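To keep things simple, chains are lettered A, B, C and D as they appear, and every chain counts its residues starting from 1.
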Amino acid sequence: MAEPQPVLEMTGIVKEFPGVRALSGVDFRLFPGEIHALMGENGAGKSTLIKVLTGVYSLDGGTITLDGESVRFGSPLQAQQAGISTVYQEVNLCPNLSVAENIFIGREPTRAGRIQWKRMRKEAAELVDRLGLDIDVAAPLSSYPLAVQQLVAIVRSVGTGDRDGAGSGTKVLVLDEPTSSLDRDEVLELFRLMRQLRDEGVAILFVSHFLDQIYEVCDRMTVLRNGTLVGEHLVRDLDQVGLIELMIGKALDQLEELHEHQMRSDVGETLVRAEGLGRTGGITPFDLQINKGEVLGLAGLLGSGRTELARLLFGADQPDSGKVTIGGKQVSMSAPNDAIAAGVAFCSENRKSEGLVPDLTVRENIILALQAARGWTRPIPASQRDELVAKYIKALDIRPADPEARVGRLSGGNQQKVLLARWLITQPKLLILDEPTRGIDIGAKTEIQKLVVSLSEDGMSVLYIAAELEEVLRLSHTIGVLRDRRLVARLTNGPEITTSKILETIASGEHQ
Amino acid sequence: MTTTSRWRALTHHHLFWPVAVLIALLLVNVPFTPDFFSINMTDGHLYGSLVSIVLFGSPLILVAVGMTLVIATGGIDLSVGAVVAITGALTCSYISDQTDQNTLSAVFLAMGVGLVAAVVCGLWNGFLVARMGIQPIIATLIIMVAGRGVAQLITDGQIITVNSEPYKLIGGGYWLTLPFSIFVVAAVVAVTVALTRRTALGLLVESVGGNAEASRLVGIRSTRIKIMVYMFCALCAGIAGLMISSNTSAADGNNAGLWIELDAILAVVIGGTSLLGGRFSIGGTVVGALVIQTLTTTIYTIGVPTQTNLVFKAAVVIVVCLLQSPKFRAKVFGAKGPKGPRRDAAPVEPAPAPDAAPKMEVSR
Amino acid sequence: MSATTQTPKAAPSGSTAPRAARLLGDRRLPVLVTAALFIAMYAGGLSRYQNYGFAEPQVFLNLFIDNGYLLVAAIGATFVILSGGIDLSVGSVIGFTTMFTAWLVERQGLPLLLVVPLALAVGAFGGFLMGYVIHNFEIQPFIVTLAGLFLFRGLCLVISKESISINDASVGTLAQTRVSLGMGDLSIGAVVALVVLAVAAYVLHYTRFGRRVYAIGGNEQSALLMGLPLGGTKIAVYTVSGFCSALAGLLFMLYIQSGDPLHAVGMELDAIAAVVIGGTLLTGGSGYVLGTLFGVLVLGLIKSVITFEGTLSSWWTKIATGVLLCAFILIQRTMTARRKT
Amino acid sequence: AKEDGSSAAAAGSGSKAITLGFSQVGSESGWRTANSDSVKSAAKEAGYTLKFSDAQQKQENQISAIRNYIAQKVDVIAFSPVVVTGWDAVLKEAKAAKIPVVLTDRSVETSDDSLYVTLVGSDFTDEGRRAAKILEKVLEKAGHKGAVKIAQLEGTTGAAPAIERAKGFKEVMEADHADDWKVVVSQTGDFTRAGGKQVMAAFLQSNPDINVLFAHNDDMAIGAIQSIEAAGKKPGKDILIVSIDGVKDGFVAMSEGKINAIVECNPLLGPQLMEVVKKVKDGETVERWIKTKESDFMQDQAKDALPTRKY
């Protein structure tokens, strides 16, 4: 946009981890009153750049200038006090505290040192309202699904930056993949807020793998590849194809391929049949049928119960009513083991708390499910194990391609791939994917979608949940529509089914 | 170039600091006991300080090895001391009831009885922790308190003395000129390593300790694994109990294994296993236990006045822990270290702690 | 892409509120259950020992008099445990404080007015040091405070192996002062303990520091990323615990008017047990200091019941303590367990 | 006490069963258990109602036990104090409630002597002195010449018996044998066999020229004997051993020639205590300190004494 002084300038940033050079000499500038996208594949170094900026990681080289002054933050607290407000990639809030507290902690309204709970709740409710959220701010954060938590994190960073006397208000707002679990509505709401802040002069750093979102809201972008700077461009000067080529260093045209495929509708016999499956306080009893080789997509708004449905099918939560038959045999759903034994796999949306074991290596995380199914007495022979792991690291392009790397140190997208590999390796009959593309870059996303298609062609059934309706629509043979934690419709995919048709179904909530 | 990189690799090995401390402690003894490292033949067996360190340290090693697995699942077992006492009491009271205490079958039966009791204690702990979801410290506190009472009930509050040559062998006897307990320890350690690294048990234990909820969702039967681990820990404590009572040929319900749980936990941590659960190292634990036993012996030999024993112990524990802390090393030696800048990366990074994991365990 | 902005919101607040309320209620449930069980146990004691003077209000007040120091220590431990740490040095610091004050008052002849703040400062400083090491060198609290346990116990013995009787007149008067409540009376120690309880409850609920303690216990890494002063809070928590232990030591010194190097051995376990029985999670982030009060009362009551029983031999005392503890925990657990996961 | 009160009214105050509240230290050793048993059986024999409680080595437990006895209005309170100090407050309460207090086993330090009536028990310091005296005899009997290098196995650090036994021993040593006796090493063995064994093993490494062992109790001596044997030396010959207590196993070891002398510390003071309690209850005056009947044993008396040992 304009050519005034940048509010933030990072030059020659270097960050090394043992064995990995995550950033090598990256330059980055951010101007007041702009929304600036930081782009790059999984593992390109986006989150690392942000963490170096806010003092989570120490700097190995380079300088940071904020408002013309050279700075170096020792902790996120210092960064925050200097006016940099951040939402990190994984939801980083305290699940045991209430929503209101999560928003305000560290700068609660006080009088004479005494926290004013009433006022805090009221203000929190107002802030949450601004994002169009309707939740009870006094309830503990853990009682809400991931998407709501993500919104709360956003509210925390945008809404309260200007309190706490210490700082001069938020100058820089950093959002690292804030939209990965959000619905269209929430995203729009967020964008409205971002624009408003931008107009107030706040500089916003935005990371997302959704290119549409970038083009919708950003003014300028910086592209990283493998920890190096590729370039800085005005969004209007660079089209999507150009951007992708910059990001991955080569051209890309797989998207069309997918479209050709999806009309196939020859699915096999019934694999899974759920009758009256439900859980009080969770999801209303529903009937569901998934055929062999079928991709069943679930559509619904945030909190409509897609995850809950998937968890019930997997036995992650215990149903109060109903029964499930898989391949003609009734399966008791008392624990995930039963479902796994019957050939069901469940890739959770919440990879941090329900997916990975951060201290273990990539290899160990990948073979975990298979090993658990075999029991502890029958370890997978080393050669077979290494072969399998190597195969999936290659197939999913997990980076670094080192099976001995600790999973907790991988970039978000690569962690997601490890999780996928874990379940693919078990060769399930029904694969439940709850937002498998969350935080995954555009290239890998198409890869995963292609994978789903080929798996279903090979006869695997897939239950597919994604925040993006288009994604669901593109892949599914059938679409289950949820509303208010009730399965309201089941649509067979075809040319007449469009996103707006699905949204209509959700809105009317009518049965087919 | 290669020597420095080899040195770096060495200092980065997880056993480097525990072993270094162990060696340092052993060396401290030399000025006070000039023939500290000498080992000679006495009465057909080896005799010397090193031998007695291993001999007296055996029970601690055993208990600590069992404790390692419990800690790896994110738990803790305070009841091991009481289990030591119960096993010793039961076994000795059974043996002392025999007319001929030297019959092998009776001794084996007695040991069997003792070990079964130990395993039952472990089962109970495991049940409380894994099935009932009670926090491990409290669940095991119950047997820690009541167990010692049970041991005294068995011995009637007296010290039961046995005169059984075969029984004496386990904890106080010699075989092939070496203390027999060395063989027992070696066997238990070998079995543990085999059990955890040759099978998938180690992986599953680390997974349960690293992230309990994720483990549940991949279909690991964590209840079963936890119960097993507590039983194994109690079994180790039971064997240690046999050893302790056999060593003095007497069962002392009140004092046997008193506070051994703290030393065992200390050994586990010195060995590099985190109390939060997850990764564990049996080798580290063995070294850790040896460090503690050497420390005890050192206190006895260098003539520390009794009232300063504990201060001395505290000082050593602090030094050991500081040396093991990468952050401390970075601060103190960092500037002079061979390659300074590479170092500080790791510490500043907030350990991707398995934060969700332990919480799940207790709230479930 | 053509999202209609008026799409109905999922999950209207009406349906989420009860669920949320239930979850929030869950956190208080353990405290309520502990309180209820305490009352039930007390009633049981009443019916069983009514002929032995159990019904006298003073027996109830004695619970406070005899456990005031434990309550203070357990309150300190509550802070630490809420923050996700643990403090094993409690018992030793108590022992050390009794020894230290006795030595200063009796052997060095310092006035009590000077000795009390000094002792508190030493305790708090000890806690501060431990917190400093835990935070700055990232060593596990269990180990650092275990070293603290050894150190302070060792320092007791360094001061003197023998116990020191305190004959200072002001200590005597303080120890014997009773605050009358009509139905009975309380000692200074009990009153101080109750005041500390009130202050702790206020701090935890109504100050930023208190909420930070909960946040850190909930998820340390998140708390750091949320820009909370992690180090300061952690160090402060251990300082509070050290201070509380020292205060507990002073109360204990009042209670028995002597310093002894073996006083309060193992009391850290009592304190931790009280905290946990009171419904606080050892992993941090969840619990109430009021629960700790009931935890202490339950432990005290178990002791009283056993004395009133009066016929238990030494080992049956231990077994009975264990069994009562176990029964209590199991009942508490079944009552607080959520219906289904 | 209400029930008892009504029955007392019927039977007349003189012949009413005495209620005795007894608070024991704990059950940390066989000696202590024998002590408890003796009190219990003697009370039964005398027909008293005994309220027994175990303080698990904690003074606070003992104080609250005594408070409870006061609340229950027992006739006499007896207790073996865990530590010597810190009893004033609770003893004053007992005095105010007009309940006489008898100490057993060891004394307490009080500001006011009227707080307890009498002490039934031995004197740890004196035991230490007796140990030193008997060591003289042992040395003489063994025909020992030259320097006496003593290793001392102390009891639990900070515990009264450990402190006082060491003190008594040192007193005599410094007075009579300042130049020829020397304690070369001294460590705590926590009053346990395992402790005694381990510490002695270390002593023998660092000071192989030790020729006398003074153990604060028999159990540690028994443990030490095993270490001495493992080092290839002869206990009772190469290293002369004196210990305190006189438990059965100690006498067994002594009869085998492995311990040279034992200073008795008699735990069986139940009958004596009951006598005293009766007198106190009846308002008779008793001596301030009723010493238990104790003797010292040399090796040659061991065989004869062995069958009489009860615990």
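In this text, contacts are C-beta pairs under 8 Å (C-beta built on N, C-alpha and C of every residue); 3 or more make two chains touch, one makes a residue touch a chain.
Keep in mind that what you see is a predicted model, and the values were worked out from it rather than measured.
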item	value
Chain whose average C-alpha position is farthest from chain C's own	A
Pair joined by the larger number of C-beta contacts - B-C, B-D	B-C
Centre distance in Å when chain B and chain C are each reduced to the mean of their C-alpha atoms	29
Averaged-CA centre spacing for the pair chain D and chain B, given as whole angstrom	34
Separation of chain A from chain B, taking each centre as the mean of its C-alpha atoms, in whole Å	43
Distance between chain centroids, defined by C-alpha means - chain A, chain D (Å)	71
Multi-chain contact sites of chain B, meaning residues that touch two or more partners	152, 157, 306-307, 309, 350, 352-353, 356
Sequence positions of chain A contacting 2 or more other chains	56
Multi-partner residues of chain D (each touching 2 or more other chains)	26-27, 32-33, 36, 157-158
Partner chain C, residues of chain D touching it in the complex	1-3, 21, 24, 26-27, 32-33, 36, 40, 50-54, 56-61, 63-65, 67-68, 71-73, 83-89, 92, 109, 111, 156-160, 163
Chain A-facing residues of chain B, complex	198-201, 203-204, 206-207, 210-211, 213-221, 225, 278-279, 341-342, 344-346, 348-350, 352-354, 356-357
Residues of chain A defined as touching chain B within the complex	15-18, 56-58, 60, 314, 316, 335-337, 340-341, 346, 348, 352-360, 364, 367-369, 371-380, 406, 408-409, 422
Interface residues, chain A side, partner chain C - complex	56, 75-77, 79-81, 86, 88, 92-98, 101-102, 105-106, 108, 110, 113-115, 132, 134-136, 138-140, 142-143, 156, 184-185, 188, 212, 281, 300-304, 317-318, 320, 470, 483-485, 499-500, 503, 506-507, 509
Complex contact set, residues of chain C against chain B	133, 136-140, 142-144, 146-148, 150-151, 153-155, 157-158, 161, 219-222, 224-225, 269, 272-273, 276-277, 281-283, 285-286, 313-323, 325-326, 329-330, 333, 337, 341
